[in-house]
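Input: a single structure, listed below in structure tokens.
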């Protein structure tokens, strides 16, 4: 019982880190392509987040269960295969839910199969850790990815269309759907996360989770 | 300027009959002559020159830093003894040639009128004139060395009449004093007295001695004047503390007499991981501080160059060790 | 032949630079830029893997037509890249363990990267010949090298004592990349490649 | 003597010229460009410059406040940014357009990197590029200069718009204006960039005051002229092509006021030459293959990004810098460097 509670607390910390303080996109600088190129509308962002989550859980669990049996040099390939395999049902589900948005995303949706967040977690994190930690990390990453992508996307959609979920009519100007807007906004969001992290470390709760790379 | 009471009167000694090298050196030692350029005893300096081997001995008869005009005044006042003192010094350190470096052509003309037949160089008044002239001479294959003109005069007095060095010329200037002028001051006089003679006003906040560029501030005005106290500068307020990021105007690079790129040194040091191979000849920084003066952003570039030189030194040492081990 | 190869290389380079400015494979470029030493091997791997993945794309294209193909394509390309990586890693691991140990990370990541970069490219170019494939691979490698070089130099300006603490490092780099892609937008004028 | 003495560090003398003074020279030259438009269109150009400079100031103060600093004007580089931004928009554009461009430049490009001298890109160039991407129609609809027209200083006016010579060249036709008539600033174009002669005079002033570096401008123009002569966009003699290319659009203006921005250009002489040539080549490439009629700002951004690499390349050419692989040593000694710094 006691140990379980301990586990829960740890998993909570892992989840928080994945979701915010070590956000894979904004702190880890991973999976920038979908956030920059794909997420220019809240619908697209939702689809991307859905794909990500649906691919993340099974692939991470898979690699957690079987990854440690593989030699180190083979793990990346295995991770890539796992994500690719788990991507198929995910994209099927996404197509069933919002077919037009997926078609509109086209390439970017497909690239979730080799999203670098999923890949790096599946290749490096999952095989080394216990199942609850991996599940918590997958959940945290999904939430973090979803949060980053949705924040960027909603800001861009407000700029271009003046409303969310394609309900806007005439925004401030064009250009919000271009990659540069995504990058600049991500930069400012990353600065916000870093700021919060610095505040936290100033309050002495934890050492700052440091810069990426 | 009258000497304050209580200063001991240094006793003079018998001048040497035939001034040879050793006699000149001993005279310089007994007269306690201190070179005003670097505050080092003249005798030791001349001995070092003799060991190093000096081709051209230069008397620094100009003041490269702004506000100061003492050396020029000395040259005007006692040209003959300056020339003879320079000859003595050259004989003492075995320098083949001598020359007096002056501020401008006018000074040169006046000096040659007073003492014909002495080689004269014009240093110009672009700071740092001494380093620039040294570089030029080195480029033309000379081996120059410098002594102060006041030291030359004192040496002549000592060798001819056996007088110890008891006075020095101090420039008092700055926006805090009404009368800018050169005072002939007994060594040991408190700085405050010299300042008072120039009628300072109450608003003086900063008193600088030594040099307006590389000098230091004093807060205790009872400090004595030494032979190296070339000036006393009273300023109403410290120099403006502007500091902006480097904007890359390249002025420091043009101002540097040693061909350093101070802005590059600064950037490399700020990057936290300086690359020694990109710190080009920072090790021959002469510490003149010209880069710091010229910098429109008011950055202390000299400090950056000094740190860079330290890094470079460590790097070369480690590299040497690596070569030995390899 | 050679001329066609070069033209394709140039085409690929421009397309790649647009893609990088559009963010494709960007995580990897940033990774490479963080460690200047790894830029060269990184670009080498990227070139080789692009060669492979372009070839794979050419081979797979006829089988992946239509809606089903649209559905399967990403996974298929990823799988192809995984197999290529497996082969390369096994060879290196077996015959050049020292080299493999030094460049483990770049190898895997560049394999991943080429999938990201290759897919849009292969989608658009029909009927790749051998020369064009080689040209495409060369172009990819060179543009990857250039992008990493620019970013590795940009890293110094992206963390300096005068900037707000929260921006130094990654946030500033992201903004930097954003402005860079804004500059490339001048070519495309509102269309991503 | 009752003097409260303090101590300070040398040097105790400083050069008179400071960063604000240099920027003041540039700002003065920019204001000189405002004269002709003011004479022709009334007070609107002045208002435009004023609001854009004001926006720059407000953005800077806002950022400093958010940062928790005491808001200070600093070295007043926002004035140059605002003026350059205002010079590059059409005189009949709505007043918020230069403000938006200037705000983007200051808030996104300048302040996050630590202000003037730290930002890797020219803020004005980034702002104009942003405005071009977001509102291309507004950016490229110029007031027809043929009929005399006095604009209202504040309100937006519906005016008869004309194609600028740059747009005509972009569409592959020959402008109906003689090259020499482009010198007097009577052609359609962005606010401050049409009077070639005034720009030349400003260039001389800046070079004389060392506020800009001549080698960059010279190499920039040289590269542009060379490429224009080799690959003319319209069917004409190389000389005519060179004249048209150099005198149309914002090329001259950028060559004097944006490429030479000391903060974002390389410092050494050879690197400066490389940089200028690179920027010129990039500009001509944008004119040939670009999507917009004015590619100068994008070219400046590209050149800014390439500047550190070009500097490194220049060092390599002189055999000073280590090869790429040697970067590791730098980090190895870097620890020493940090020790000495701390």
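Letters are used for the chains, namely A, B, C and D, taken in the order the chains are written, and counting of residues starts over at 1 for each.
What we mean here is this: a contact is a pair of C-beta atoms (placed from the backbone, for glycine too) under 8 Å apart; a residue touches a chain by one contact, two chains touch by 3 or more.
The model shown is predicted, which means the values in this text are computed figures rather than measured ones.
Shared contact partners of chain A and chain C, listed by label: D. Interface comparison, B-D versus B-C: the higher number of contacting C-beta pairs is recorded for B-D.
Chain A and chain B, compared by their mean Cα positions, are separated by 66 Å. Annotation: 45 Å between the Cα-based centres of chain B and chain D. Measuring from the averaged C-alpha position of chain B to that of chain C gives a distance of 60 Å. If each chain is reduced to the centroid of its CA atoms, chain C and chain D end up 32 Å from each other. Counting partner chains per residue, chain C has residues 156, 160-162, 164, 167, 171-172, 175, 178-179, 182, 185, 190 touching two or more of them.
Chain contacts: chain A has residues 174-175, 178, 180, 184, 187, 191 touching two or more partner chains. Shown for chain B are the residues that touch two or more other chains, namely 245. Chains touching one another form the pairs A-C, A-D, B-C, B-D, C-D. Against chain A, the residues of chain C that register as touching in their complex are 21-28, 30-31, 34, 71-75, 77-79, 81-83, 85-86, 89-90, 93, 100, 104, 108-109, 111-112, 115-116, 119-120, 123, 164-167, 169-175, 177-179, 181-182, 185, 190, 192. Every residue of chain A that touches chain C in the complex is listed here, in rising order: 26-27, 29-33, 35-37, 73-74, 76-78, 80-81, 83-85, 87-88, 91-92, 95, 107, 110-114, 116, 119, 123, 174-175, 178-184, 186-188, 190-192, 194-195, 198, 211-213. The touching residues of chain D, when paired with chain B in their complex, are 1-15, 17-19, 21-22, 74-75, 114-118, 210, 213, 262-263, 265-268, 315, 320-322, 326-327, 329-334, 336-338, 340-341.
Contact residues on chain A toward chain D in their complex (touch as defined above): 172-176, 178, 180, 184, 187, 191.
By the touch rule above, chain C contacts chain D in their complex via residues 36-37, 39-40, 149-150, 153-154, 156-158, 160-164, 167, 171-172, 175-176, 178-180, 182-190.
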